[in-house]
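Each of the next two complexes has chain A plus one other chain: chain B in the first, chain C in the second.
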Partner chain A sequence: MNGEKQTDRRGFLADGARVAGVVSAGVLGGFLAGRRGQAEENRWQIDPDKCVGCGNCATHCVLDESAVKCVQCFDMCGFCNRCTGYYTLDGLDSRDTAAEDLLCPTEAIIRTFVEGKAGQNFYEYTIDTDACIGCALCVKGCALMNGSLYLQVMQDRCVNCNECAIAVACPSDAFVNVSSDKPYRLKRVALGVMRQKAGKADKAAQKLIDQVQADE
Partner chain B sequence: MRFLNEHRGMLVTAVIAIAVGIASYAVVSSDPLAQRSRGSFTIDYSSVYEVDSDLIQFRQTEEIKVQMDEVRGICVGPADKLYIAGDQAVAVYSQDGVELATIRTDGEPSCVAIGNDQHVSPGRIYVGAGDRIEVFEPDGSRVGTWSVPDDNAILASIAVAANDVFVADAANRVVLRFDLAGKLVSVIGKPDDGGRTFNVPNTYFDIAIGSEGRLHVANPGALRIETYTFDGAMEVRWGEPGAAIDRFFGCCNPSYFAVLPGGEIVTSEKGIPRIKVYSEFGEFRSVVAGPSMLGVAQSELGDPRAVQAEAVFDVATDSRGRILVLDPRRKSVRVFERSIVEKSGIGFQPVNPEMWDRLPACRLAHDRLEAYPTVWDRG
Partner chain C sequence: MNRILRLSVAAALVAALMSGVLTGSVMADESQDLMFPVPEFSDHPIPTASVPEVQGEVAAVLDVAILFVALCLASYFTLVSRSRRNVLLLTIASLLWFGFWRQGCVCPIGATQNVALAIFDPTYVVPLTVVAFFILPLVFTLFFGRTFCASVCPLGAMQELLAVRSVKVPRWLDHSLGLVAYIYLGAAVIFAATKTGFIICRYDPFIPFFRLGANTDMLLFGSCVLLISVFVGRPYCRYLCPYGAILRVLSCFSKWRLSIPPDTCINCQLCEDVCPYGAIHPPTVTQSPQRRRKGKRQFVIALLAAPVVVAVFWWLGTALGVPLSQWHPESRLAEQVRLEELGVAETTTEASDAFRGSGRSVQELYQSALARRDDFVTLGGLLGAWTGLVIGFKLIHLSARRRRDDYQADRAGCVSCGRCYWYCPVEKVRLGLISDVSEALPDGQMPNGPLVQLTVGGKES
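What follows is the complex of A and B.
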């Protein structure tokens, strides 16, 4: 499932154009379109700066398949060859993509070759949302390094229980009520980066800030 | 540290990508929850958390509390004075921990370096703050402020030689060489020179002056330390990726390093925090401190909260070979000294200058980099 896929050469790091904005905007836009007229409604969301990755999100949602999924924040990702969110310790050393060397129990992380530079290879890690169960193993692995992977309640799946069953079980009070017109959150670090970019007239950064819940 | 964290993502573009949904709620081939009890998604880091005690040849002898809310960088100047960058200042301490002065900076400092006794002005203080370098005389009076060419710079480290000042810019992944008047002389790692040299996945990008007029640069994404002439010619590179104690862990390490008297290199890794000593040519020598000695519990490894991400320890050394570890969580300087010199026979091992002449000449032609051995063969 997770064979290394090669994409076109992409703008990488500070050199290139934003590539994932379209995806992000599309998902958010789709959700918003579906909920037009209910802007006053609150939704459950995870504050990624409070989550400790306990695993309860995978097991406590009222849905058979948790509404919580992992997301990738490319602004914080190093596009690393040795991703600590993707590999187990053994896999980090071998970089073998056999299932036993991958952290994700469902092989929901897709590793895609981006480009080679300076004798090093760079990879993009995206999440197959259908396969992700929200277990946070990758979140904890990634937190060892850049912390770009984190959990969010997918609003197109969540049935917005009056009392979120995961919120009750969350050991770190990471569940927050957010406005339904901005139901996703960035990590504080990424939000800071986006604000800085927006301050330098970066329209895509401003657009993203406008789309996410941006209170501290 | 907050400064670094808040700018970390400047290194990469794009926005949050909520993974592309595919229409169905399909079907993971086996039920991953079936074998797992609630909350049992854990990662076992015990194999890297424990460090063989025989390898640990240092012990903490002192701890100096720093009167700052946030500490971000440490270095040592003449008379082994300690300089701590943090808040919006540089705090100066005597080698036994007496606070001597506080120098206010214009920006929030991210790194600091001091001219040594060979520097044209011994004790001159260079502070990276925002995208500028603030320069002070030893008494704290301001000499001037230097600009860097790119105003999106993230100044991660400064290294001061007799007549040169090097500044590592993590955002642009280059090392800038300035003269003592603040004029940019050259740039190491420019993309125009045939491609990027340094792989810097976050804001950790450390540099230091080595022996014999060399500049050491951590190339963290390559999990290496590289040695350059001041003119930018690479001479040595070493470092192996891996979880084993003699290797550099994860995607990007070492985060910080410092040079001991005699040339040995003290490295500090994040993720699995550990501080180790290597020869100037990359031979693993010993461990200074592993995660537990640094006060990081095994259960904290991989905790996604920002406070855990801050457990990255800048290091400095003094003329006595003490290793000074800046603890951003305890807001202190932890002093480590060799505990078993006699048993190990390892002490200061000055580099024979002739060694440099026998090194293979590594070129900066990037397509050829991989042709060179990762660890230089001393044969």
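What follows is the complex of A and C.
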């Protein structure tokens, strides 16, 4: 009789705790879902204005091939003959495209001749995304000129870790959580240039602006 | 040579900028930060950089579905079909999918931090997948015991497969080490809530194996845990896992849980010998009145001591403010900058260089670091109080006496792996492998102790 009562009491307590547990799990789920509201989920991205080109992006990503790649903002590029993002400072002198004269260790920057004008040759520098490892050597080099080369987390590669391993290693706090409907950032200057371009009904520019965080 | 070139480039840049300003170039007006304006080509349109879209969320939804199915299967295999073989197969499948294929992400253990951050930081948007991953195993545990640990968690799976030569951990050590998981949980919540770091993810010992690559420290730590798990059953689950700490508590209130013999326990002790996790309790013996009086006194002492322990640990915790705040990168940066300002630091770091380039003032950094330190004094106190609470509760729990008439799985410690099924003679009779329990006992010895009729819950009927 006594044992039965004991079992009943224990059973009652367990039932109570269980109900409380399920209810609080439900409340927590509801609270978090409600808190979520209309906002989109977060993605990791680099604020290019804060990036110092330290090279950690190439080595700290959990993926074998870093999700961080270099992006060329053509609207900021001077299409220079002597590109400091393309050549090493020694290479600038000779302008020979031998490997030792180039900054990029993987030859991910493709240099194409565009036009010769007023005695000057103009070249276009495009990035081969598959070859780029996100080492930021070109970004650091380009900072001597217009700074049109900058790093971005490519959202088709990034697995959006809980805690981004590169963000932990980033010395300048450049890794930020952005809304997944605007997963890219542009440099402050680039954003201004792009906005003007988009004003001239450039659909591609408009699309890029739609993709970037435009709250500055 | 290099310096001369650099100087000449700089001079060229200045000259170009000057000429741009002088000629009043249109592009220079549009964006004054550009040193070299974008040229106007005769027949070459300026391309626009394109960036890839965000990866679809299909994979995440699929993961939640797989988790749910795996939890259902695990609960069915342990409680209904009582098949250790199927549990083992599911364990291997989970290890392959959640471990090696999904590389240990998303996992409920890490999701704890996202939930903690989401509770304390209203601006943080927690993905619903993560919430589902956090809550589903909790709810399943409330009803079916730790079936998530049994065969769904890839971390548990890894250790489960390695637990081949387990030795018995002394009770006192088992109980003491078991407290670490709760302290780890408290620290993880505090660090996540203050955006200091997700330490559970950072120190996940199995990640190096799931991803087949990591730094040396992590590889060493992971290898040690794996090596230990050959001799000590599931060391991470029992002594470190912060999510396991939550499941441990919830499992005490589960509606149904694993029962070792399907019906009548013959008290043969085979299950206790074989459990690698020390999670099976033998039947209790009758106590002498003196012993009982002593036990009651101990219980009262533990009850009175608990608040004192909480207070002492709270006070100790407040002293941890400075070391705890050093985990935050900004505190470390402030310390480095302070050393540089004092001229003590011989070299600068990447972070301090970046800070000096950012235009933030040193005073502002110091203020922020000091405010953070104050926060961590409070949080350290809370962590200490939490530790005291866990220790106090453990003391009370250890002094409380429960009566058991047969071998029972520990409500909290049992991970529902079903190993004991393999050895239980009663189970073998049920499966028709032997005709009588005595066949499974050594030297044909007859069962000793009372034959008790059991229900599913492992309780007397």
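In this text, the second predicted complex is superposed on the first by the 164 of 216 C-alpha atoms of A that agree within 3 Å, B and C clash if a C-alpha of one lies under 4 Å from a C-alpha of the other, contacts with A are read in each partner's own complex, and residues count from 1 in each chain.
Just so we're on the same page, a residue touches a chain if its C-beta (ideal position, glycine included) is under 8 Å from a C-beta of that chain, and two chains touch if they have at least 3 such contacts.
Keep in mind the model is a prediction, meaning the values are calculated, not measured.
Asker: Per the contact definition in the header, classify A:119: touching chain B only (first), chain C only (second), both, or neither.
Answerer: first
Asker: Given the touch rule stated above, what does A:192 touch, chain B (first), chain C (second), both, or neither?
Answerer: A:192: touches chain B and chain C.
Asker: Mind working out whether A:81 is in touch with chain B, chain C, both or neither, as first, second, both or neither?
Answerer: After superposing on A, A:81 lies in contact with chain B but is clear of chain C.
Asker: Should A:183 be classified as contacting the first partner (chain B), the second (chain C), both, or neither?
Answerer: In the superposition, A:183 contacts chain C only.
Asker: With both complexes overlaid on chain A, does A:139 touch chain B (first), chain C (second), both or neither?
Answerer: The answer is first: A:139 touches chain B but not chain C.
Asker: Give one of first, second, both or neither to describe whether A:131 is in contact with chain B, with chain C, with both, or with none.
Answerer: first
Asker: Of the two partner chains, chain B (first) and chain C (second), which one does A:48 touch, if any: first, second, both, or neither?
Answerer: first
Asker: Can you list the residues of chain A that touch chain B in one structure and chain C in the other?
Answerer: 13-14, 17-18, 21, 28, 50, 52, 54, 56, 71-80, 82, 84, 89, 92-93, 117, 126, 144-146, 152, 154, 156, 172, 184, 189, 192-193, 196-197, 204-205, 208
Asker: Report the residues of chain B in contact with chain A in the complex, numbered from low to high.
Answerer: My answer: residues 5-22, 24-28, 32-33, 36, 38-43, 45, 47-48, 152, 171-173, 191, 195-199, 201-202, 221-223, 241-243, 249-252, 270-272, 301-306, 308-309, 366-367, 369-370.
Asker: Which residues of chain C touch chain A in the complex?
Answerer: Going by the criterion above, the answer is residues 1-2, 5-6, 9-10, 13, 30-31, 33-39, 41-42, 44, 46-55, 103, 105-106, 110-111, 113-115, 118-119, 122, 124-128, 131, 135, 138-139, 142-143, 197-198, 201-202, 211, 213, 250, 252-255, 329, 349-351, 353-355, 357-358, 459-460.
Asker: Per the contact definition, I'd like the list of chain A residues that touch chain C in the complex.
Answerer: That would be residues 3, 7, 13-14, 17-18, 21-22, 25, 28-29, 31-33, 35-36, 39-43, 50, 52, 54, 56, 62, 64, 71-80, 82, 84, 89-90, 92-93, 114-115, 117, 122, 124, 126, 144-146, 152, 154-159, 161-163, 168, 171-173, 177, 179-180, 183-184, 189, 192-193, 196-197, 202, 204-205, 207-208, 211 of chain A.
Asker: List the residues on chain A that touch chain B in their complex, please.
Answerer: My answer: residues 11-21, 23-24, 27-28, 48-56, 58-60, 65, 69-84, 88-89, 92-93, 103, 105-106, 108, 117-120, 126-133, 135-137, 139-147, 150, 152, 154, 156, 172, 184, 186, 188-190, 192-194, 196-197, 200, 204-205, 208, 212.
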